[in-house]
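Lettered A, B, C and D in written order, each chain numbered from 1.
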Amino acid sequence: MKFASDNNGPVHPKIMEAMVRANEGHVPAYGGDDLTRSAIEKVREVFEAPQASVFLVPTGTAANALILGSLTKPWDAVFCSNFAHIHVDECHAPEAFTNGAKLTPVGKRIDKFNSSELKTAISGFNPSNIQQSGHGPVSITQVTERGTLYGLDEIAGIADVCREAGVPLHLDGARFANAAAALGCSAAEMSWKVGVDAVSFGATKNGALAVEAAVIFDPARAVEFRRRQQRAAMVFSKSRYLAAQMEAYLTDGLWLETAGEANRLAGLLEAGITGIDGVEFAFPRQANMIFVWLPRFRHRALKEAGAYYYIEAGVLEGDDPHEPLLGRLVCDWSVKEADIAKFADAAQGARP
Amino acid sequence: MKFASDNNGPVHPKIMEAMVRANEGHVPAYGGDDLTRSAIEKVREVFEAPQASVFLVPTGTAANALILGSLTKPWDAVFCSNFAHIHVDECHAPEAFTNGAKLTPVGKRIDKFNSSELKTAISGFNPSNIQQSGHGPVSITQVTERGTLYGLDEIAGIADVCREAGVPLHLDGARFANAAAALGCSAAEMSWKVGVDAVSFGATKNGALAVEAAVIFDPARAVEFRRRQQRAAMVFSKSRYLAAQMEAYLTDGLWLETAGEANRLAGLLEAGITGIDGVEFAFPRQANMIFVWLPRFRHRALKEAGAYYYIEAGVLEGDDPHEPLLGRLVCDWSVKEADIAKFADAAQGARP
Amino acid sequence: MKFASDNNGPVHPKIMEAMVRANEGHVPAYGGDDLTRSAIEKVREVFEAPQASVFLVPTGTAANALILGSLTKPWDAVFCSNFAHIHVDECHAPEAFTNGAKLTPVGKRIDKFNSSELKTAISGFNPSNIQQSGHGPVSITQVTERGTLYGLDEIAGIADVCREAGVPLHLDGARFANAAAALGCSAAEMSWKVGVDAVSFGATKNGALAVEAAVIFDPARAVEFRRRQQRAAMVFSKSRYLAAQMEAYLTDGLWLETAGEANRLAGLLEAGITGIDGVEFAFPRQANMIFVWLPRFRHRALKEAGAYYYIEAGVLEGDDPHEPLLGRLVCDWSVKEADIAKFADAAQGARP
Amino acid sequence: MKFASDNNGPVHPKIMEAMVRANEGHVPAYGGDDLTRSAIEKVREVFEAPQASVFLVPTGTAANALILGSLTKPWDAVFCSNFAHIHVDECHAPEAFTNGAKLTPVGKRIDKFNSSELKTAISGFNPSNIQQSGHGPVSITQVTERGTLYGLDEIAGIADVCREAGVPLHLDGARFANAAAALGCSAAEMSWKVGVDAVSFGATKNGALAVEAAVIFDPARAVEFRRRQQRAAMVFSKSRYLAAQMEAYLTDGLWLETAGEANRLAGLLEAGITGIDGVEFAFPRQANMIFVWLPRFRHRALKEAGAYYYIEAGVLEGDDPHEPLLGRLVCDWSVKEADIAKFADAAQGARP
């Protein structure tokens, strides 16, 4: 019953096989090999963006921080949600890679913000007052950090505000595939077609070993990216093994297949615990993450039964068996249906 | 005839198999898994340093820059050789990770410096004059960037100067294994036993996919390392695949076996071209790298025959067929003896 | 009618005379002169802190940013109020001098926060989770950016939380003298005696030309300050002229005299407009700053009469003559009583 | 006998009087005052550069570092001489303000380099190899750190190499006035007319209290300067007192008058010690600095007679009375002729 994180899951066999297949002879290092070129081309194809600048990096934080570094001046504000991964989970990598930008939360909700809240936030800074922060990029996360989704129209609305303000829009797509699968849209439809300027296109959480693509649609914005990547010690000598992952991930729609499967499994899990006494969903389940309030006694029973997942609010220790604690349940493609059933049973069968 | 770089070679089958073996089920992310713990323990064992702080990172520049970041104040000088990789090949990653330290070449030779040159260099800065650079760490590369080796006594001499000056000694061991195999010494003998305080312990060039260990012998110097690594976007979620590489690399002496083989092959290559008319070795061949002057016509013949390697000084185009150009030839464990023979023949058989 | 800022006022004659007096012959540069030593000693005396580390710098932002740089790791949160000068008015100097710390607003009020809000804010970060911000210093401003004061007990309460959390407490005292004069307390009583660890001790706004003292009570926290100051290009060669200002400022209680006078004048101004129809004070006037809502027609009349001050919320242009706009009125010691009377008359006499 | 530094001298009375004169009433802060505007206009006039971007800062290091910050990418080399102030005397401020550029010495001489050495240095970096440093600005110092001068043709030659390489040329003019007075040329002739792109125009060493102008001839290169200055805590609230200094400095040719006088006095000093037994000039005296070898016994006699100056090489303590030690003697406009005569007598009259 492993629902702790899609970071904990294995590499998809097709991706591992691609790495093994790439392991033949000598090829040029640092991205000069054919496989790297072809994987980058594949990313462009999937995004229907033949001009896009694409870079392969090993971690999601690297993609986020290098993109933000390319889009942001040290004195700029970066607008994001209160719980944005870049703001609360990256140990100031964005501050480091931008050389001191200020991550500035927008709105009140913890997962998302809307175009009107963004407008208010941006207008809070007067760019001609140089004592204040300048107008820097806007960054949204899709799937959000609370498992919800921005609708395409919501993204378009936010992009409109960005365009008016003259600032670029970044999408942290650590779970881009889960979102695309859930919305039934293409990569292009969820990015440049609704006004997104740069995407951190995740693969690691969805079946890869360690690879993400930084995609910047206007190459003029990416001219320094490679320098920044090199200076960040993020250029792999044996680039072919990053490329092999990305190539396999995008071949025959594997990325949407694994993501769709993860979403489906999360749906099963949601259904399995729906209606159990005391169960309350904190956010609508829209992709592969569930945030759910459960009474303490149910959490205890689940943990005793061997379930792995995080408790996001509250502590397992405590006197009141009925106090609700917030659990986070994440599925990747490799989760077993039997484990889901077992989890639902354990949750159902718990006694205070 | 692939002699361009040990970065261009494949992953050793045993290492690839270890990664495949690790690809089973869910395990904790970000280094909380058993395999990461065990790989770190293995590094400590190999270095006979049970207290050492050890961190797995994907690139050699990451190991170097994170270690230097841990040992250096922004206003310090980092003492290194004129051609140190950290100085001329890392796109200012050391400057970035130290927040502005000054890499300060020592001595006149391009591969190495000695303890007396180091003494002179350090004494050039008065640490009580705060307008000048402070005394920061010393960094040596072993195997050096020109394929030569520091003898253990030379390292010990340098370490003595460091101790007197109160500064730590870092060893960039991108080819640590090749050096240890060539010197016939243990990891401990080539590091803390001769006064080295921190090692970038390379594996990528010697058969791994992408993993290096940052080894800091005094844990007090490493308390902030993990924060720095996280902030540098260098913590892998699926840490087990870094660990699997390092574990396999250190199991049953594989690291010394592949390095010894690379050195042996380079020796064969050296022997193969020794005595050819116009061939002059720029540096003694001591490990797996050869720097050799060859007349232009021999380079041309080699390139036409399909040999891959870098020309470090001079250009292939040019009128004088006898002008010597400096070639760099590198062997990894996977180089074929037949290719070596073919190379020697092509070099020998060339005509102006 | 110059109420725009105490930054706009002249240098007090006694301070200017001290600079002229210091202008005699050659003396050692970079702080090696007797006058610098004596001015630093004077700061220690006024703070009753003979061991304190004291540095003279030309701007308040320099004092704040260099102190924060000394107290903060790049991955730490700096806790401050929503409107803290360091957060919204220093163009990311604190981010630059800390190399990427995250300024983190505490509480809901815009001028101050209390110890309980601080506790909540600090406990929002788990220092053992290295993806999150670490626990860095707390910074309060006294006089606050909205002209109010922290009581000594309030500071002590905040300092208690800091001590428990193991983080230092910084006080941005750009208007330290105005606060001390208003509270009738000594420099020591408003700083280390209530648990403050470091003070930006302002003089510029209160009669100096350009000098502030960075005061760090525990010298162990200041060992790198001088390096940071030099690297920040903030060490004056002709240090004697910074010193002469500070020396005169602290001689015969001039600092409290000018501050007391500024406060008294602000009190007169407050009294002068109290009771005028539509006048509403946004914050209690506690030192030399007034934040007051006035109907638009009164602002217009004042501006036409030649009054200088900032409108902080709302715009002078607009249809409704009765719409309240927020004005900020600041007095320094040089403001004329006649101008205050004239201002009150103009405010009173305005017609919609 | 105060020959230690032109940093140690007093403020010229005309400049101090201008500051006193400016001390009247309230004026806008942060450079919004008329005096700042007029001082900036005056700098443009003196440089015959009506379009130039001009900024007033309090220290020479600030001018240098902020200009380099504006001209340099973090991964660029900054080309300068071995003894450039920016390289060896600014505690890594240039590294800090450029966020990690690499100061790269050019040539072998310690005071100057020539266009051919510069060409060699720049061509040592291949800008398309992103592992290496990029091509950043070139910086020369005039008067050099060893008291010598670049001729206008030498500067023009260096500027030609810069233009070819597509990099800007910065001139650190801490003693700009002394150079212009010595060469008998105008500010324009020593800057943009010979291809200089940016000047740190010093005043502090030549009679001001603390003010330098950063002059960037192409405003497109200066668009971020003001942000950088603010973020560096280098914007004075009471800007009028920086402006008053610069205004007075440039009025009626005061800057050339004080510089010419300093040069003349240094010439007298040079003449006074010329021909004394054991005296050898290390560099030609071309402006207001003298570098001279004197036997130890003469240094001792001078120090005993109360002379202040630095010994740059060798130590006063030592057995051999005849060992030559390198003294540095600097004159500002305020040095007394009687002191020069006294110095020459003491040097002459010394006995081993």
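The working rule: a contact is a pair of C-beta atoms (placed from the backbone, for glycine too) under 8 Å apart; a residue touches a chain by one contact, two chains touch by 3 or more.
Listed by chain with UniProt protein names: A, B, C, D = Low specificity L-threonine aldolase.
Bear in mind the structure is a predicted one, so any value in this text is a computation, not a measurement.
Farthest chain from chain A (centres taken as the mean of C-alpha atoms): D.
Here C-D and B-C are compared, and the pair linked by more C-beta contacts is C-D. The geometric centre of chain A is 42 Å away from that of chain C, both derived from CA atoms. Each chain gets a centre from the mean of its Cα atoms; for chain C and chain D, those two points are 35 Å apart. The mean-CA centres of chain B and chain C are about 52 angstrom from one another, to the nearest whole unit.
Residue positions of chain D with contacts to 2 or more other chains are 74-75, 90-92, 96, 99-100, 130-131, 227, 230-231. Residues 73-75, 99-100, 130-131, 134, 224, 226-227, 230-231 of chain D are the ones touching chain A in the complex.
On the chain B side of its complex with chain D, the touching residues are 74-75, 88-92, 95-96, 99-103, 130-133. The touching residues of chain D, when paired with chain C in their complex, are 2, 4-5, 7-11, 13, 16, 19-20, 23-30, 57-62, 64-66, 90-93, 96-97, 204-205, 209-210, 227, 230-238, 241, 308, 334.
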